[in-house]
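Read from first to last, the chains carry the letters A, B, C and D; within each, the first residue is number 1.
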Amino acid sequence: MASKTFAIIAGVGPGTGSSIARRFAKAYSVVLLARNPASYETVVKEINSGGGQAVGISTDLADSNSVKSAFDQITTQYSGSALAAAIFNSGGGFVRKQFLELTEEDYSGALASQAKGGFNFAQGTLPLLLKARDTSPHPPTLIFTGATASMKGSAECAAFASTKFALRALAQSLAREFGPQGVHVSHAIIDGVIEIPRTKGWTFDHEDAMLSPDAIANSYWHLHTQPRTTFAFEMDLRPYVEKW
Amino acid sequence: MASKTFAIIAGVGPGTGSSIARRFAKAYSVVLLARNPASYETVVKEINSGGGQAVGISTDLADSNSVKSAFDQITTQYSGSALAAAIFNSGGGFVRKQFLELTEEDYSGALASQAKGGFNFAQGTLPLLLKARDTSPHPPTLIFTGATASMKGSAECAAFASTKFALRALAQSLAREFGPQGVHVSHAIIDGVIEIPRTKGWTFDHEDAMLSPDAIANSYWHLHTQPRTTFAFEMDLRPYVEKW
Amino acid sequence: MASKTFAIIAGVGPGTGSSIARRFAKAYSVVLLARNPASYETVVKEINSGGGQAVGISTDLADSNSVKSAFDQITTQYSGSALAAAIFNSGGGFVRKQFLELTEEDYSGALASQAKGGFNFAQGTLPLLLKARDTSPHPPTLIFTGATASMKGSAECAAFASTKFALRALAQSLAREFGPQGVHVSHAIIDGVIEIPRTKGWTFDHEDAMLSPDAIANSYWHLHTQPRTTFAFEMDLRPYVEKW
Amino acid sequence: MASKTFAIIAGVGPGTGSSIARRFAKAYSVVLLARNPASYETVVKEINSGGGQAVGISTDLADSNSVKSAFDQITTQYSGSALAAAIFNSGGGFVRKQFLELTEEDYSGALASQAKGGFNFAQGTLPLLLKARDTSPHPPTLIFTGATASMKGSAECAAFASTKFALRALAQSLAREFGPQGVHVSHAIIDGVIEIPRTKGWTFDHEDAMLSPDAIANSYWHLHTQPRTTFAFEMDLRPYVEKW
């Protein structure tokens, strides 16, 4: 069923994930992963009815069995295809609490959703990305979505910063291991509020103060199209009025 | 039984942990935590027979029940005492493997030993450190031991870098939350091979090429004695010949 | 004479500067600055004969009088035009010497070519970039070219690292001051050997081991086209086999 | 005249420089450098009348001739002595201005006072530090004083950030070149307001909100006493209530 080349986007909600899916669907068949089918159904329908190819698979990225089952399905459905790009865009793990109010479940849950989720996703995608090196139109690419908390811990943010730092460490380690093998591993630092349905009504002192999911998707596409002579590992994205 | 002021050192083996224990035992009663009593028995005996006060408690820092039970015991035994310093020096979580050989257990185990271990230790010690603010001779201090992998991911090192990055994020977050409350939180980056029984025979091109555990302990003591006007968060320690 | 929109590229030699000039000349009239006319004459001719518009102005960027005179000429020639992009790509200031062999002239010369050169260039371009905010097709953009030495000092590299660190500080400061005013300031870290005529013959263990100037230029163009909701400040570019 | 071992402190005013001088004068003869004799006369007198040994030499660190003449005098006076420590603590180069108000003199002046000043000081002291390796009681030490602006550029702070970044690059490069030769090079990041006569009246929301010059001096002394097995390169110092 599948087209010759495909991309997998993990962590698809109504914001960045959907924009990335739409952007990569202009060139590739896309597989969208999210725990809740409601998260991807709209964009899957939209892409398919617009002439693209999209499928959604309900997956809990923090659960290795769930991830394994998703990749079994992917391997079967896309057996003759090349995985050109894999994007880890999970939004989970955020919790803001005074440290002494934080439970072990909060902390472990945060580690599971980004660090372990990223690990599971990389374990699933890297064998396919390695296999696609000769057939992918651009070097096969694995991109992780970071945040302000990837670079800086802050008060009442220990759990989220821990898991986002861990995800960045994973990305760096993979870039250094798989870059020389021809897979492009990148980490994007999203520093600011993204304009998604949930944040639509938020007000700011200036207009255009929220990150555009479509612009983020364009930058991810740019990363994907870089030749192996000239890979970017990291790019920080923020609104022009953001303090940093 | 306990003296007026005490310190807790977690992750005590024959190297840095023992040196830290000896250094802090010059001023305080010390509690040493390690999974295996064999790890602390020698130094506990040495300190007690030298006129100091030391007790060891067998604790698995990655297991919150084990940590809870250790702190129940500490709270009882040291009920009238002030916790002046707590040092997290766990050596666990190191694994070097090609990423696609890394199992989920490897990765989760690494996250558990440093990130979750650090979390459990901070949960146990911070209430005691806060309580000691008026009675501790120096601002109550919580120090985490980092590594080269706290700053940089590398090939075949994804698990260890993830957990060490996470531990640094935890330390930064706690410094920003508890510093203004008067607790000194620090993170030391140990960048190089430490001279411990296991590494004793290793050879290098130059003499003095391994970190001295006693010198590390002296720097931790220095951090502990800084007044709250002048807290260091981070210090990187390496042998003079180390490449970095 | 000038078209409606133009770009200025400073530090044009046969490598990256020429590629950036060619890339931006697809959309804009370009002004190329270099001390020696021989550095830009070939690419100016090539662009003009290919249907683009290019002029070269002999300029010593480290000399404020020379820069002032270049910008007087630019302001006159492009009085009705919008400056959409300005790129500082000076290659000067590199010197490798044992520190005690380094002369004051070496050190001051390094500071002059990157730090002062970047300062002079920013002083000349920012007023024009601010004026272009309403008419430029993309947010007016000021990009600085960094290097490995922008992030890390190294033995025998004190002068070059000092000036490259200073240039990065300048870029960061300008991003924080002019970003909120709508000018996009970026810093690209070029980490590796660029394939230019001088390095053409160099051999490496792997093919494609040198950065492509055209790919660098494409990434600069991508930075330029980002909307103000989603500005990147920094991007690191290196060959897939580069150690970092 | 001189005692067996001495230290040189450059950039001595009534604050940190004087505290460092007093601290190192407990162990060594000290030479204090400042442009204006008024800056060091009080502390020189204080040290000498307290049983220590101190001399001041009027020196403009940004001017290589002035530095050369100071070191000629030092070499003569301390010909049989070992230079155990050299501390660069210049306070110059700070200017806060909107970038387009910044003059070339402002920017060059900033580069001269920290970057070139640090270069001149390192050129003068390193030959003496190398010579002292066998006789200094601790590894000969060269410490540079950094600031918040060493790590982060900010709006209206381009000149100061440029020169402080450059000084850090210098320190890193020297640490990597001279560390393996047995000279301990360090960089301290002073992040906050220091309590000196000029800031005495400043008010804050909390007590103890300013850095203590004596505590900074103690940390410098600690750095100096580290053995070569265990050198710290960098330490960040800030008041407990400082935002960072």
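Observations on the model:
In this text, contacts are C-beta pairs under 8 Å (C-beta built on N, C-alpha and C of every residue); 3 or more make two chains touch, one makes a residue touch a chain.
Just so it is clear, the model here is predicted, and its values are computed rather than measured.
Between the contact lists of chain B and chain D, the overlap is empty. Farthest chain from chain A, judged by C-alpha centroids: D.
A separation of 34 Å divides the Cα centre of chain A from that of chain B.
One finds 46 Å separating the Cα centroids of chain B and chain C. Residue positions 176 of chain D are each in touch with at least two other chains.
Going by the touch rule set out above, the chain pairs that meet are A-B, A-C, B-D, C-D. For chain D in complex with chain C, the touching residues are 64, 98-100, 102, 104, 107-108, 111, 115-116, 119-120, 122-123, 126-127, 149, 152-158, 161-178. On the chain D side of its complex with chain B, the touching residues are 139, 176, 179-180, 182, 184, 195, 206, 208-212, 215-216, 218-219, 222, 226-242, 244.
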